[in-house]
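Each in structure tokens, the structures are laid out below.
In what comes next, chain A is part of two complexes: it sits with chain B in the first one and with chain C in the second one.
After this line comes the complex of A and B, so read on.
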């Protein structure tokens, strides 16, 4: 049985049922392993790859999951040395001009080219998955 | 015994009010700032432990600057102390693997370790302490001494429960005038008791492994 947010998507897009169900399985599995997991277009394309999805299709699914309050959009400031994110926020105006990177130990100037979009589970989705895992209804 | 040197120094800092960015032009303005700096040398005459603490200039501190400040301050202790002759380095790097195994008192969002065949890096997809400790990942299997690390970025857990804090440090070795030294970088302002705790734990793991 699908989680409510995914059930809504299935009802709205019956022709896309296979992709939506596959994506739900992948997201649930990831969040059961790590509730702080981060998703993006690349991750969605990877999990849906047997169906040859397009980036636009992946973006649409992510956008709809945000609309259903399953995921929330965050902006990530990626270390330019490739070591991972140095900062995250839903609001670009909160990004500092400089940051001490705790991955590469350098100071980075803000550069819009280093900003990536990502999606994380809402508290609601995390709780639904936790309840599902504990056998709750 | 503590020897403290209080002085003033200058550094360059980005000025966001003067900086600007348009589609065809990016102007980044830095201004010179004056700052009070406090360097200190702590001598524990009971244990023989010595620490040289170099003040950081917020975002302006680079390794090069820190080493230069260290040399300047350490040299100023002579007479009577000649740091190259009178100090014995604590090989903090010997304790890196023990620190990694101390999951109960540390948090890691990045770990890079190598053996003779490969280098592996685990880096959390969330920044700072927002994500899950990388050592909790099911594929992280870097706890054995088959792996070595040349540096370690680790958050130290201090306190319990909701008031627990995580103190970030970057540990590495650095060579100054041919002498191998242990470097502990602390990025945020911390209380003296917290800093002392962190340094004591680093010494502990270094000696436990030696």
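After this line comes the complex of A and C, so read on.
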């Protein structure tokens, strides 16, 4: 039986049932291993690859899981010199206007183009999975 | 495994309305142009605001030319500002937007703030400002309508001087700053500055965006001294010296 957040998605997209169920099992398995597991478009594309999903389809599914309070955003400010994330926060309003990058030791000005989106489970989803794991279902 | 596929904020903001989740913005800003322009600087400003993730609503009331002399024009512009404010309020996270107003835009904004107490904004940047020096910023701030104001003016800007003499409710605060500025207005008057000197991308990025987001000003020029009332001999003497 699906978790409530995924059940809503299944009801809304019956034609997409196979992909949504596959994504649910992949997310649940990841969270059972690590409740702070992070998800992104690449992970979704990887798990749904037999269904030939497009990146846009994966992004749409992730956004819908945010709407259903299964996932929440985690935003990364990528160092423009390609050295990885220089700052991360779930809240865009906490991003400073400039940053002393500890990756490349340069100062970078905020630029929306450098911000990438990642996703983590909400507290609610973590609790539901923990309850399911302890035999609550 | 395929090459990593990114999910940018631009992608999110495109998908968000179709899915029913809020778009990502760090705040909102209303831009109000002057009287003899459709606001070319607004177009120059848009890429900077997009990079800074500020949701922009430009006010466009077209060319008004001699209409600036009519109080009705200021009233219509104030209404246009209220429409832009309503659009900002509809965007989640933009319920306390900033405003950038130039020339007549500053006068219209001042009139809107005075007459519409429901207009509540965070920070205001006025440049080439033609509001009177006695504009009651302290009173407007005490009503919770504004947090901080940055007045960017120029001593060589002729329009505030003209406005003081010819425009109803107009004044020369864009040359000499505000009198009632206590704790609300940050004066940044360049004594050699002209009407649109601050309309350039580095200034937008280094001064305007940080001020809108934090209320802090990165670069401040020294305020010019208040205008002196010189007599005829004084003016002749000053002309000879220069």
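Things worth noting here:
We take it that the second predicted complex is superposed on the first by the 106 of 137 C-alpha atoms of A that agree within 3 Å, B and C clash if a C-alpha of one lies under 4 Å from a C-alpha of the other, contacts with A are read in each partner's own complex, and residues count from 1 in each chain.
The working rule: contacts are C-beta pairs under 8 Å (C-beta built on N, C-alpha and C of every residue); 3 or more make two chains touch, one makes a residue touch a chain.
Bear in mind that the values here come from a model prediction, so they are computed numbers and not experimental data.
In the superposed model, more residues of chain A are touched by C than by the other of chain B and chain C.
Within the superposed three-chain model, A:37 lies in touch with chain B and out of touch with chain C [touch as defined at top]. In the superposition on chain A, contact of A:85 is made with chain B only, not with chain C.
In the superposition on chain A, contact is made by A:109 with both chain B and chain C. Touch criterion met: A:97 reaches chain B and chain C at once. In the superposition on chain A, contact is made by A:76 with chain B only, not with chain C.
Chain A residues 97, 109, 118 lie at the interface with chain B in one structure and with chain C in the other. The touching residues of chain B, counted against chain A in their complex, run 14, 16, 19, 28, 59-60, 62, 109-110, 121, 123-128, 130-132, 136-138, 153, 168, 170, 185, 187. Listed in rising order, the residues of chain A touching chain B in the complex are 33-38, 76-77, 83-88, 97-98, 100, 102-103, 105, 107, 109, 118, 120. Remark: chain A residues 40-42, 45-46, 55-56, 58-60, 62-64, 66-67, 73, 75, 92-93, 95, 97, 109-113, 115-118 touch chain C in the complex. Interface residues of chain C, counted against chain A in their complex, comprise 1-2, 4-12, 15-16, 18-21, 24-27, 50-53, 93, 205, 209-210, 213-214.
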